Each structure stands twice: as structure tokens, then as C-alpha cells.
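Handing you this structure, nothing more for now.
First chain written, first letter: the chains are A, B, C and D, and each begins at residue 1.
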Amino acid sequence: MLTYTRNARIEWGDCDPAGIVFFPRYFAMFDSCTTALFSQTLGMNKFQLFKRYKFAGYPMVDTRARFLKPCKFGDDVVIETKVVKLGRSSFDIEHRITLDGKLCVEAFDKRVWVDRDPADPDKIRAAPLPRDLIDKFNAA
Amino acid sequence: MLTYTRNARIEWGDCDPAGIVFFPRYFAMFDSCTTALFSQTLGMNKFQLFKRYKFAGYPMVDTRARFLKPCKFGDDVVIETKVVKLGRSSFDIEHRITLDGKLCVEAFDKRVWVDRDPADPDKIRAAPLPRDLIDKFNAA
Amino acid sequence: MLTYTRNARIEWGDCDPAGIVFFPRYFAMFDSCTTALFSQTLGMNKFQLFKRYKFAGYPMVDTRARFLKPCKFGDDVVIETKVVKLGRSSFDIEHRITLDGKLCVEAFDKRVWVDRDPADPDKIRAAPLPRDLIDKFNAA
Amino acid sequence: MLTYTRNARIEWGDCDPAGIVFFPRYFAMFDSCTTALFSQTLGMNKFQLFKRYKFAGYPMVDTRARFLKPCKFGDDVVIETKVVKLGRSSFDIEHRITLDGKLCVEAFDKRVWVDRDPADPDKIRAAPLPRDLIDKFNAA
């Protein structure tokens, strides 16, 4: 399974008055890592991805996260993000954050590939994942 | 079950280049509503709560969210937050965001009440929910 | 001068490990209040504003803020936002946050009204403020 | 003058519906880079800094930023952060963000070193910068 790995230092601004990561920030980290995994696999950044595929994003439809051990500012963590399933118009991603080899957070995402609804461009709707994108993921 | 309800307008700064809420921001809204529910029930803000109970917070240990319908900037949504279970040292919260009566997001949280570990004040550990706090929730 | 006033409670998630507002969050509050001032004056939310005026936003070009007194989570502050100048394609906004009548933060913004460059729709460029928008501000 | 340089990719989650960085996020980047400059100079992360110096942070007291050219998601920018003045209990920092060598944002910060007020530990107050910290900055 395709995996993207990042070393990251927990920021002061990601932490709350208890000195630990304010949990919504973990989801922003995971979003960034999901995009980085796409960029690593496809060889283009997200802006280029939009230009190439004329889509409207891959919004989250379902996510679950378990927080086992708090991380504090200054902690040097490892974030591992992998694709566990590529469906027709959705895909599943998993993330793990470890500190000194110990699991701190794990998360399970389902996202959907969307484009603009021609009948109402303010609306988005599920669309099939591009064939050559799937091919590149399978080949990677 | 105790419920807190908030009317909120979706902010420009909560939205991403697709024009819809960047999903981690929903979790910040839910965190704010959980605190507001505590404040409403106990008659004190979170700072006063810390002063009163000498604890270290109620960090998230498990959360799941489903995103059914995207919200965009300018949308006037309703957020409903309720306590579904008060355990010995943990509690379960549910949130629903609706727009014009239609469900957009639902989330299910488990949080744990923590205090500082006397053996190492840099560490937090689960602690029993204060008796009189439980009494106030039950009486409300 | 047109003024928008908001009562707000400082959120746990806006604060850092020192227990006070992480200063970038003040700018998000100010952005929200600037939009609310426009909405109050023009009778439409930001999405409707985009539909009505076919523009691309009013990005910040210059901001300065002074932080005189820290705010902590649970604090009930007052935010006052006013238009101090409406230029041809830019405008100046000022914000003040007070706690119990004492000034905590003041900020001075210059923003510019932009639209898409027809020669390259990925680019934005300064554009004149719509005449009837200026009229509504002057009449308010 | 001491300088810290970072290569960074602009994140989807840092951008607004216009597709460009929501300006408050620049301040979070600058905060992170200021801390990284301290860590680089002193050889310790911010948590270790707190342990070593028993202080309460270096909150912003005055900041100004000019936004000359918008950055969009996927842009690979360079952030340069330098100390321009170390005073008795305050210090001045400057940041520059460039894209392909062109200046996009510049910012000028004054921060103050604070500790807890022994008369009221909920309050912070200005304190002299530690002598050996100044020495390390001067020697670097």
C-alpha cells in the first residue's frame, strides 16, 4: 500500500492551554499529508492536480480518530499516511502519528472525488476517480 | 438529554478553495459547543471550571464524524450538541449541524476528564468526574 | 463612521499553552467582523456579496496590530470594527477588543477590492469598489 | 543578523475560497519560524526552553505585515526570519516570504519575554531576557 511519511515538530500554535495538541489541528495535519501522498504519487502539487483533472476536490465524508497519547509542543513526531482503498469515486486513507515509536493518534478517512454540478456550479457531486490517476496509484 | 443549541454563520476563514468548510474547522466548532454546554449546565466558563475543579481538561479520546452535505461561507447553520453518556471518568457527546433543517454533519465524541499526574506534572491522566458536576448534569 | 460590534467569548481552541489567545486567531476574528460589518451594511452575507458583485474578495494588503493586554479562554470581550476610509479600490478598517472596558488589542487594516484578471483567471487584480456599495456605506 | 530559512509548501487548508492564503495563517507560519529560529540558535525546542528558563512565553506586542503578492495552495515559498534587535525584555523579528524570488509578504514583530507574576500566577509580566540566552544569540 502506498505510504507517505513525514517528520514533523508539534507547533506551539497547534497546542491548547493544557499544552497538548488541540485535536482539530491533527485533522489539518492529516489533510496536508493526504495531499502530500497524492503529490508524491502523481508528481504534481494540488494546484496542478486541479488544472490537470478539472475536478472540485476530495472532501471528507467520514472520519474517525483515536487519540491514545497526547503530543505537546516541541515533540518530534512521525506521521504515516497510506491509501488503503481506491474505489470508483471514493478512497480510504489511514494515518498514524507516533512519538518515539509509540502510537499517539490513528485516523481512518473516507473521501470522495467531486466535480461541479453542470446544472448548478455552486454545487459539488461525486465523480469517478480519473482512470490514469488510478493507474498511477496502482503502478506506484 | 442535555442539549446546547447554537446558531452560527459559516465564516470565509473556515472555508477552503472549494468554497466549503475545511473539515478540521468543524471539530473546532464542536469543541466550542461542548464547552458551551458545560458552561450552560454549570453556570461557569471554562477558566472558572479549571479554578473550581483543579483538573487539566477533557481531551478527546475518540471521535467520528460524517459529512453529508457541504456548508459554504455565509450559510446560517444550527449546531446541536448533547451529552449522551456521563461515565466515571469519560463522557460521550454528539453533535449535529443542520442547514434549513437538513443534516450536514454529525459527530460522536468520547472525551476523558484528566488531571495532572503528581509523579510527573508534565503528564496528564484520567480522573473521576467530580461528584457535584455529575449531580448538576443530572439535575439539569 | 460605520461600526459593527460583537460580544464574543474567547475559546479554549484559540488559546496557546500560556493560556492566552494565540495572536493569529485575533486576525481571524477581525476578518469575521469585517465581513459582518459588510453584511450588516449591505444586507447580504459574503456568498450573496460574491453573487451580486462578481468580484474575487477583499484581501488584506497591510495590517498592524498592537496587543496591550492578553485575553484568556473564557473571557467575554467586545470587538468593535469600523470603516475609517473607503477609497477607490481599497478601504481601511480598525478593530478594538476590550475586556471590562480595557483595551486589549487594536488593529489597523488596509484591504483592496479585487476581481479576476480576464487575461489570466488564476490571477486577481485591484478593481474599483462598486458605486452602489459605496452609496450604501455612505447612506448607512 | 541571525536568520532562519524555511522552504514551505502552501497548504490547501491555509487557503480561502479565493484560493489564496487566508492571511491569519501567515502569522501562524511566522510564529513557527520565530520558534524555529530560537531552537536553531539555542539548540533546544520550545518545551525545553520553558524547562530551562522558567518563563511564560514571548507573546506578540506589536506586529505589522504587508501582503504584496498572494500565494496559493501548492506554491513552494521560502520564509526568511531574522532577529533584528534584542532588547532588555523585548526583541524584534522580521519575516519575508518569497515565491520564485519575488517578495510576497513581509512582517515586522515586536515580542516581549514574560514570566508569571508571583503576586498572581494567572497574570504574566515582562521580564528581562536571560543573560546566557542573549550571549548565545550574540555568539551565533
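Definition applied: contacts are C-beta pairs under 8 Å (C-beta built on N, C-alpha and C of every residue); 3 or more make two chains touch, one makes a residue touch a chain.
A quick note: this is a predicted structure, and the numbers were derived from the prediction, not measured.
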**Asked** Minimal path length between chain B and chain C through chains that touch?
**Response** 1
**Fill in**
Of all chains, the one whose CA centroid lies most distant from that of chain A is C
**Message:** Applying the document's contact definition, name the chain pair with more C-beta pairs in contact, A-D or B-D.
**Reply:** A-D
**Request:** Express in whole angstrom the distance between the two chain centres, defined as the mean CA positions of chain A and chain B.
**Result:** 23
**Prompt:** Roughly how far is chain B from chain D, going centre to centre by Cα mean, in whole Å?
**Reply:** 31
**Centre-to-centre distance between chain D and chain A (centres being mean Cα positions), rounded to whole Å** = 27
**Multi-partner residues of chain D (at least 2 other chains)** = 12-13, 16-19, 22, 24, 28, 31, 72-73
**Prompt:** Can you name the residues of chain B that touch chain C in the complex?
**Reply:** 9, 11-13, 28, 31-32, 35, 45-48, 72-76
**Request:** Flag every residue of chain D that touches chain B in the complex, lowest number first.
**Result:** 12-13, 15-19, 22, 24, 72-73
**Complete:** So, in the complex, the side of chain D touching chain C is made of residues 16-20, 22-25, 27-28, 31, 56-57, 59-68, 70, 72, 122, 124
